[in-house]
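Okay, got some structures for you below.
One chain, chain A, links the two complexes that follow: it is found with chain B in the first and with chain C in the second.
Entry: the complex of A and B
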């Protein structure tokens, strides 16, 4: 038995040799293993550094301050910008895909998950086929298929000469053009006013909830909140004298001017990632709803809640708690899968890194920087999900 | 506890010191000779330069020069191990030792010589970058292509050059899309995603010749007359290994020297007994001559007998895809071109 007291004095015969003394052995094993791991790592890193020095490849991060020499489609990045700026543009594009992808994939996935549990045979089988199909196909295949077969298909996205104009939208092979706003003077104050409107809207909707509880009148909190926000936005717009104007896409020679463009690469990547991740989120949703005990459903019915109320107030909140860790996992997967954009020339951070390497940047440092960037993004998503998890955790009695 | 911590630090320090140094002074020439095989970095689908046939054999200009190196160093042109590489990974493969030599229509530039740690040998093909457009478009030169989208392959000098030429002409480039390989570029071009397709002229000729008939065949494409960069294509080895670099260099130059003297694979045996002592020494007939390159004495003979001289290699691979040679920079220096071999003496 191990105690912390001093062992009684043993005679020379009874005291175990050091190589049979368990305490010493335990320490020795740990030292040997740590030493071994460090030795292996030092061997590989030392080997790489020695060979890079032999070849004359630079070892530091100075390559980031040199001009990139290439342009990035879809941004104003000049070829004289530094490689670091190029990487930051890439990170911005990764966020664009990740945030939009997470948003749409969650909506689609939750709807599909609920559909799978529907009593309607057609709906549940349809959802099941969707999930079973898309879960089993590699994402890269979906991305390349979406790009080559859908977005480069002349019958859907015609060439410039036959570009489609549907109302204010323009659709052709270079992308889909939407009307968009263009900021004029006083744009930033208007944004501030709108943010104030959001805060005011939240307060108003909470006030309506309290009023409804006291008097029993229907709350309509969402309507009131939205109305407050819109009031702020519209009054602010006219008070500041039109801080933004609408631009409609139109042809000017061979290019389209105005509006905002969704490039076929972005659209193909986003749709593929949403379709793929939604199939996984559907399974998570289904599992988490089925994890809520049947007793809860029966109690809800006994309290005369309609099935929509039952789902909204009893089942989904409990299912949501169970679903958060796997959901966060899927969000991480979506973010990392966005690196497959390398295949279709969408300039998120992995594609920018491979272009930097292709134009003379040192490969080991570039990939190290890339890995650190993904690590930081993943840690942010994981931290956010942990915060949500902790706030919603069921307090056990 | 404090003693244990000191012990830890000591162990870590010893481990790192013991494994810190790991360089070898052996040249790749010795490694290649002991492995009895040359690992040659190549590609698998560029007509005229390197094509992997159905029988598993590589045919092409670059593939033949891999065989030239094997014939010179190992005495047997068949002892080549072809390693197909993606464009963006070719220099990493060379730096890491995955291949011994890179013969993959690679341009010799300052950055590659310097920070990419490559060392280029004799230029085998003097090329330039060009632009290919659809025949029914209105473009007659690069200066017309204001506001267009250009497609290219990533990891090449093409990307930088096209941005520079557009700046030089004072026109704006809407997008330069770089794809991972030429198949995707071709798909995007067929769909009309890009207005122009840019690459080295030799590659454009080769790619045009294989343009699918369902999209209009080769007549549907026009290569614009502008050449807007210098692209000297040369075999590359790693920096810091001059012995191997010289061996590759002289193997390649042997083909150029042979053509200068009119030695072909058919008549090389008759030149063994030539009256010209330079030719005899070149073919390995001078008993006491050893320039210290580490190559076998008859390396030039083996190269010409097993593969052929430069003209034969060009005739077999480049002439079928329709690139002219006579009177251009790719002709011998005696005909006004740039191909010149140093004397073997």
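Entry: the complex of A and C
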């Protein structure tokens, strides 16, 4: 057998020199990276500890148990309350703004997104103008505008003497007063009954859907579910002898009593976040609906589904699947943008933290706590979106 | 037997358009009337406010302040020269990008400009009207001329000199800063208004880019240490609002520096925080680009005997970065809007100027914030609207998502 002289002769595999060995290199590179990061962190944290000791700032977390020295408007929080309590009130306020904001922004955004796809030229143009305008200006400008220009404008929110009464609402410089419920005896059992009503409603609507699948009779599952819930709520209400009553705001001397007050800060922040986020949600809605392939719609029409059925059973479920990840991202953005309340002094958690620092609290620990709070909120939203995403994910065969 | 056919339904003309788009059904007609009435009422009351009751004096008097803040007025010529350089470089890059296309007449070029950059044109005309000064007119004319010259030069630049053109284009922002801040000029602590907004936005995105690419590579690395450090950084920064980071940068920075070292200026702190913040977002964008490069490319490079570093820099990154240019533009737009947050920590960029000038003795207590805020948002809107249009155009041209 002839061997080709041009081919190198095979020899035993040489062990590579250690500095060419991938396994060794991987370890070395990682040691260098970790060493570098640790060195930089050690430098800055070392400086921080030295500076804090020099300035006499304590390093622990015991500052949280000391009195806060400031009050939080719109809450029962007193100057003597601890800083920890202040932070918790702030977290509560952040949730109040975030949950309401997400709720209203979703409604407005979805409506605008559908309006953008309307065949009516005027409606789609109006929606497009809205979206293109608010998407392209900073949210902070909207917040400052809503608070300083609209809510502090005496012609819109007058002083107490000229307070406006529009139906059951009262509007003056301290905010907007709405009719609200007032809990009476047996309020808590009623809430429990209503929760049971929700569960029962879900079961009834599921049952109607199963019946509909078997017999072909129209399901009307939503109607049945709602009816069940209402029946629970109404029967419970009368059985417990009126556990809640309506209070309507009214004047009593120099104050407004009854109803519920929405402070100008809260309202301005809520409205601006809703306006801004809705413009983004509108784009997501439009994109997701357009992402449903045309063949699906045509197939639905070919199956003689009505246009409502087509939207409910064919388009929305598929559009929803596309929309979930960017929607969750917008919810997260809205929650993070609520921190811009510092500009208008609404006491959510960031504003509370800056006030704690302003009143002699240690900055590093306060910011660390703040960052951890936001990370937890982010994780909650991400986890929720993952759960929804997994439930809606396309099951591939 | 004769059959009679109905006359054909009208298929063109304004009536047909109305019938198709505004009055398709009776329900549609009601919606049209209500929505149209609402829109007309909003538009009408807004326009009548703009032209009758709004007091634009505060904007007119402070026009230069909106543009450059507290910048010393006797050094303004530097900003003018810097703008000429920028206009020339912009024209050069545009001309170079058009080289493979057939030559267009001046009229066609003007029409393209009108379609693509009408908000900018309107803003410039508005600024000229408000300024009503000769120097502003000369500046705009000069910048236009520099742009046209640059565009012509770029169009005629031979392919062999492409690298030169790119270098000139990429160096122009540095030249811009150098002309204003260097040669005995004005340090950026005195920059303000739109100038500061642009410095923060461009500086932030440019500095965060290499950092973000590194983090993206780290996140996809097979080395656990690099991966976990990158993931931690990206997720922590993305989970926290920008204003929190800004407060930390402005309140705590001195604590992190060794005793005796003086803290950097507010502008530097702003740029540093914006860079730290944006890097995490750039990293996620670049990661998307890296994932879009097919594995076959990497395998082919390995088969050709390229080292991992060569593969990354010559094969993977060029393809990944091309794919994410539109997303990076989007990130720049959001950074451009986010720079307004530095107003909260006391920097006088556009929004800061809009708030501060209402406190001037001549205008205090007159409730003119509405006018100044509207003017500032107009500038923000023109910038980010035009850029987002361009990024959509780019997306189509690059064919991202169609491969």
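What we mean here is this: the second predicted complex is superposed on the first by the 364 of 397 C-alpha atoms of A that agree within 3 Å, B and C clash if a C-alpha of one lies under 4 Å from a C-alpha of the other, contacts with A are read in each partner's own complex, and residues count from 1 in each chain.
Everything below uses one rule, namely that contacts are C-beta pairs under 8 Å (C-beta built on N, C-alpha and C of every residue); 3 or more make two chains touch, one makes a residue touch a chain.
From a predicted model like this one, the values you see are computed outputs, not experimental measurements.
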Inquiry  = Per the contact definition in the header, classify A:371: touching chain B only (first), chain C only (second), both, or neither.
reply    = second
Request  = Using the superposition on chain A described above, determine whether A:17 touches chain B (first), chain C (second), both, or neither.
outcome  = neither
Query = Once the shared chain is lined up, is A:264 touching chain B (first), chain C (second), both, or neither of them?
reply = first
Ask   = What is the contact status of A:342 with respect to chain B (first) and chain C (second): first, second, both, or neither?
value = both
Partner chain(s) touched by A:145 [first = chain B, second = chain C, both, neither] = second
Request  = Once the structures are superposed on A, label A:214 by its partner contacts, choosing first (chain B), second (chain C), both or neither.
outcome  = neither
Query = In the superposed arrangement, does A:391 touch chain B (first), chain C (second), both or neither?
reply = neither
Query = Should A:254 be classified as contacting the first partner (chain B), the second (chain C), both, or neither?
reply = first
Request  = Report for A:294: first if it touches chain B alone, second if chain C alone, otherwise both or neither.
outcome  = neither
Key: Overlap of chain C and chain B interfaces on chain A (superposed complexes)   = 34, 47, 50-52, 54, 148, 153, 342-343, 354, 357, 363
Ask   = Quick one: in the complex, what on chain A touches chain B?
value = 27, 31, 34-36, 38-39, 42-43, 46-47, 50-52, 54-58, 63, 69-71, 73-74, 79, 148, 152-154, 157-160, 173-174, 253-255, 264-265, 342-345, 354-355, 357-360, 362-363
Query = Tell me, which parts of chain C touch chain A in their complex?
reply = 21-22, 24, 28, 31-32, 35-36, 38-39, 222-226, 229, 235-236, 238-244, 247-248, 251-252, 254-259, 333, 337-338, 340-341, 343-344, 351, 355, 367, 369-370, 373, 376-377, 380-381, 384-385, 388
Query = Within the complex, which stretch of chain B touches chain A?
reply = 4, 7-8, 11-12, 14-16, 18-23, 87-88, 91-92, 95-96, 111-112, 114-117, 146-149, 154-156, 159-160, 163-164, 167, 173-180, 184, 187-188, 190-193, 238-240
Note = The answer for chain A against chain C in the complex is residues 26, 29-30, 33-34, 37, 44, 47-48, 50-52, 54, 119-123, 126, 132-133, 135-141, 144-145, 148-149, 153, 336-337, 339-340, 342-343, 350, 354, 357, 363-364, 367, 370-371, 374-375, 377-379
